[in-house]
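Each chain gets a letter, A, B, C and D, in the order it is written, and its residues are counted from 1.
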Amino acid sequence: MAAAYLRWIPLLPLLGAAVLGLGGAWVQRRHGERAVAAIACLPVALAFAIAVRTFAALAAMPAEQRVLVDRLWTWIEIGSLHVDVAFLADPLSALMVLVVTGIGGLIHVYSVGYMRGEPAYWRFFALLNLFTAMMLVLVLADNLLLLFVGWEGVGLCSYALIGFWYADLANARAGSKAFLVNRVGDFAFALGLFLLFWTLEAHAEATLAFREIDRHAAALAGVSLGGWSVLTVITALLFVGATGKSAQIPLYVWLPDAMAGPTPVSALIHAATMVTAGVYLVARLDVLFALAPATLAAIAWVGAATALLAAAIAVVQNDIKKVLAYSTISQLGYMVLALGVGASGAAVFHLMTHAFFKACLFLGAGSVILALHHEQDLRRMGGLRAAMPRTYATFLVSALAIAGVPPLAGFVSKDEILWSALSHGDGGLWLVGWSVAGLTAFYMFRLVFLAFHGEARSEHAAPREAPAVMTVPLTILAAGAVFAGFLGWPEVLGGGNRLGAWLAPAAAHGGAHASHALAWELFSMVASIAMAAAGIAVAYAMYVRGLVAPERIAAWAGGAPYRWLARKLYVDEVYQALFVDGVLGASRVAARADARVIDAAVDGVAAGVRGWSRFQGAVDAIVVDGFVNRVADVALAAGGRLRRLQSGRINAYLYVIVAALVAVLAWQLG
Amino acid sequence: MDYALSWMIAVPLVGMVVVLLLPSAAHNAIRWAAVAATVPPLGIAAWLFTVFERGDPDFQFVERYAWIPAFDIHYLVGVDGLSISMVLLTALLCFLCVFASWGIEEGVKAYFALFLLLDAAMVGVFVALDFVLFFLFWELMLLPMYFLIGVWGGPRRAYAAIKFFLYTMAGSVLILLAILGLYFSSTPHTFDMIALAESRHQFTEALQYVLWIAFFVGFAIKIPAFPFHTWLPDAHVEAPTAISVILAGVLLKMGTYGILRVNYGMLPIATAELAFACLAALGAWNILYGALCAMAQRDLKKLVAYSSISHMGYVMLGMASFTQQGIDGAVLQMFNHGTVTAMLFLLVGVLYDRAHHREIYGFGGIAPVMPIYTGFVALAFFAALGLPGLSAFISEVLVLLGAWQRTPWLAAVGASAVVLTAGYMLWTLQRVFLGPLNERYASLPDISAREALTLVPLAIIVVALGVYPMPMIELIDATLATLNAAVLPFL
Amino acid sequence: MIGLTHYLFVALLVFALGLFCVLTRRNSLGILMGIELILNAANINYLAFARFGPATYDGQIVAIFVIMLAAAEAVVGLAIVLGIYQTFHSIDVEATETLRG
Amino acid sequence: MQLADLVFYLLALLTVGSAAVVAFSRNVVYAAFSLMGTFLGAAGLYVFLAADFVAVVQVLIYVGGILVLMVFAVMLTHRIEDVQVSNRSVGTLPALLVVGAGAAILGYAVVTTPWRTAEPVPAEATTRIIGDLFLGDYLLPFELASVVLLAALIGAVSLSRKELRRE
């Protein structure tokens, strides 16, 4: 069904970005920060309203026909390639749009307070709006190429926002790193896109539109490419692209550095929305991935490994934002794991709940950081519970949610993922996921206890609670962290899993709960609750009661495991040495070769020609020119005699002329 | 409007005469005369763009007059989808470059006279359909270029100008020989490019090979394709800003234009056989090699020059794909690279005018000092690294998509350079604009209205063609389909 | 009856005298006068041919052009002569032999 | 001998005689004045040749313009005492030889050439016809002539100006 209002969802924030980008400095100078904030927040709020309307319109339609399309114009049409600029709202994208505009809007409001006093206030909001627009293009895109526009667009905004305070070179570097690591993923993404297009062109119908891809995917199932199923290759390439955006192994390294950006940015881009783009992509192409079991298995294990590794690293981080960053990576690992076991509904569900509580955690961390005058080290925090009650309350709720304490949102969605893994028949995956649940609970409460409990270790006196413009969004997000889970409350606990049913047409495997064994699901649930409780208990024992000194555990086995984790397994260093230095070295070699070999060859040829010409010149001077000179000498001598004729007297010249003329005439007549 | 194409050539020439007649001291009068001489071609080009018959692959606006009947030489001009895009680009860049040359203070009269001669010759190359006329314009273009680099250039201008001249002359000799070869092997003997393309079946395979190689080397020097590229960095570094813009924006396209017009149109068998080695593989290598070399540069202009080499590789790769997408992408890339690289050179020129050097490491953190300028730089850099939504993305994706069909591995190599391009572009952005401010440049003035005037039209085009590229694609599509169809039977 | 040849002979004599004048005079004004004589001789010829030839007025037209050119030549020539006189304080053509090889 | 013939011979004598004085006189002033005789004689001959307009122009321009100019020049460049300096450059004899030979050849040509003469049409007033021709068939040469005159004028002025500047 056509719905012309869809275009306004991304266009409104884009408009805001354009206004602020071109005239924001003027607005800020003339009308102050409030005007900038109004221009920035209003479009997002309107977009949210339209998103709600879209959602309602979809809900009113029969379950199988829930599709709204808004076609704007033909973007590219060459031969068999036809790409429209068109927006597509189906249950999956409508949900994503709600998350992006809703949580994005809250973070906009929060930023109004957080960024107060920033000279480039307008630039921040212009980029934030642009990001929102691009993210909406990404989720609403009707085809893969348009999705790629949003995909790269959010990468650009992420780059610019990480490096927002670019006067510090480290921030700028972090931005570049994020963009470049993502580009590596995009490289694979692009190849996957090309392969998909040509395979479809050869075996079905050339298209890049999602609905067409879904329709024709089955036709590709038997096609092979160099011994591999072509779908395996395509999905693997696309998934590499997803690992870039969603910070999975091996391309996760950019996300921790991305915390250099302002905290609302970390909340919006690097927790709630952009990093879930990879998950969204796989969920979007669910039909395609379902036909490539080999890729799915790899995806599941990549997700599990990422979840475990990131959780382990999070345990030893001391920077409050770094802990949250690794926690994000770990949670994204959960989602990817869910995708890998074919439970894209569960993945999207966790994506949504995670958006609530992780955004809340980040924003809470932002309040703390602001209250402590940009202090981010956990070891210099503590005792903030009393000073910042609202922040503490919301933070605690979110921490409980992420730790998987029932009945909060995190518990429901994480449990569904674990159960999906188990019901998929892979105990190993479940075991990894289950142990990560414990780690998650531990590092989250380590953070809570270190930051809010105990005595104050900060040099800054009397931290104050954040203003209402910041705490209200926190409260709303915390409420979301509590209640979002009920949308997908599992049937085994008497719920209807409404979310699973909602996504079912888009994500074919979302509602695959019909035939599961009740007992196993309950077992999974209980086990994970126990694990979460254990994690919290250990954290309590170590950081509140001091029963076990953290240092003793760190020193275990000579301190090597701790050191490796603290240095993030030296992955950055390895990448630096292998890829960055490698490429730079290659570029130096190439440049040197260019100057010393190729250009030198050209210059050499030139020098050779010059040398030869000099030799020729010598020959010329001595032999050829010598002869010419003799001739010239003769001529000169003759001229010396003849010059007497040149008397300089006009009459004499005339006389000669006339005489010659007369002679000629006489000769002619005679 | 009759004689539209002839007017496009004639008006700059008339402008040149007018400039020559003005007193040398009247700098502003000369500059405005140059503006006046570049506006009509731009207007005509815009008009051509609107009235050009989209679906027609043949030449339009053809004018044919006998010139030297004894050798069947005509004054024959016309445009098809391939050349009209280039004519449009030339007219636009020449107009903008007059403003970019405003700061020339020495030899103003000679500079603008030569510049207008260059303008006319460039348009001539793209519209000429008789080989003699084509070669005449091809050579005519060299002369002003040589002087513009050699007189108004940087410290090593003599070296750069001579290098440029010799390189191009070497190519010209091969082209001339190949033209004569075509002339004498065609029956009846003719220089008419339309007739030669139509009667391409009469050329034997062996002849096609020889002529193809000769034409290719001649054109490859202009592109410039590895290993004939070393004139480019020197010429760019030494040339004044506007001339760099013309050089990268228009002159480089003549190489690929020539290959498409001559090698594809007249020598299809050899094209089918040699395209993989000479165009696809070399193109992919150009992309990679140019990007790697660019990364190691410390001079901003050299960096942009090497990035040009890299980006022109996409054109070669795309045209060698023999898919409609790839070949359309190649020509689109010619246009888009023209606009994007013009922006880059103009921007480097702006910085050079203020700081009088181009050392990448000599700056640092100047973004807050020149915010508008930084905005333009960011736009141009992101366009150059192929950000979706900007024009270069469309052409690069089309090229790689097309190339994937025929040579997936080369397409992968080309795509991998996207990472490298992003790498050196962002690294440069970081080294020059971000980080702590270099106090020496704390008082640089931001971009002036005149400089902005040269950049804004390009910026608009870069964005517009990224969002809505169909007008351009429709313009070139039919002609390129015909060109491609000529080669396809021999693959 | 006076015919064409009469006029031609008059012109011939004037021409011969003018030529002699040009050849022998050292005075540049004298040379100019000789040239005037030659031009007059040519004019007589033109008019004679016009009179005795086919009935057109081309000859008369050319004669008028010749007179016009003579006037122009005289003006410039005299200006040059005056210039030479200012430079060399003589109009003797032998004084201006700086062209001598 | 008819009266007209007599007048012709008189005019021819005036013309040639004055020309001879111009050619042989040692005094430039005499030469200049006898040039007037040539011009007037020639003008008379023009009348005989039914070219009344040309004759008038001859008198006006040659006698009224050029000659006056010449006399001025003679007066300006020669102090009155050295009017005699005009001696011969090329020897008289060689010049006479060459000129005589040339004249002989030309005379031979005049005599031997079989002139195809038409019967002269009755004379008519030519001014109107010439005027029409100048603005008709001969427009371009006419305009060019005006440009030449202008150039000569400017050239003469600039030459004399230079002279003034030097002083």
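One rule holds in what follows: contacts are C-beta pairs under 8 Å (C-beta built on N, C-alpha and C of every residue); 3 or more make two chains touch, one makes a residue touch a chain.
None of the values given here were measured: they were computed from a predicted structure.
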{"item": "Interface with more contacting C-beta pairs, comparing A-B to A-D", "value": "A-B"}
{"item": "Greatest separation from chain A - chain, by CA centre", "value": "D"}
{"item": "Centre distance in Å when chain A and chain B are each reduced to the mean of their C-alpha atoms", "value": "33"}
{"item": "Distance between the centres, which are taken as Cα means, of chain D and chain A, whole angstrom", "value": "99"}
{"item": "Gap in Å, rounded to a whole number, between the CA centres of chain C and chain B", "value": "64"}
{"item": "Centroid distance [mean C-alpha coordinates] between chain D and chain C, Å", "value": "6"}
{"item": "Residues of chain D engaged with two or more neighbouring chains", "value": "89-90, 95, 98-99, 102"}
{"item": "Multi-chain contact sites of chain C, meaning residues that touch two or more partners", "value": "19, 23-26, 93-94"}
{"item": "Chain-to-chain touches, reported pairwise for every pair that qualifies", "value": "A-B, A-C, A-D, C-D"}
{"item": "Complex contacts: residues of chain B adjacent to chain A", "value": "163, 166-167, 226-227, 229-231, 289, 291-297, 323-325, 328, 365, 367-368, 371, 382, 387-389, 393-394, 397-398, 400-401, 404-405, 408, 411-412, 415-416, 418-420, 422-424, 426-427, 429-430, 433-437, 467-470, 473, 477"}
{"item": "Chain A-facing residues of chain D, complex", "value": "89-90, 94-95, 98-99, 101-102, 105, 108-109"}
{"item": "Chain C to chain A touching residues, read off their complex", "value": "19, 22-26, 31, 93-94, 96-101"}
{"item": "For the chain A and chain D complex, residues of the former touching the latter", "value": "649, 651-652, 655, 658-659, 661-662, 665-666, 669"}
{"item": "Chain C-touching residues of chain D, taken from the complex the two chains share", "value": "4-5, 8, 12, 15-16, 19-20, 22-23, 28, 31-32, 35, 38-39, 42, 45-46, 48-51, 53-54, 57-58, 61-62, 65-66, 69-70, 73-74, 76-77, 85-90, 92, 95-96, 98-100, 102-103, 106-107, 110-111, 115, 117-118, 120-121, 126, 129-130, 133-134, 138, 141, 145, 148-149, 152-153, 155-156, 159-160, 162-163, 166-167"}
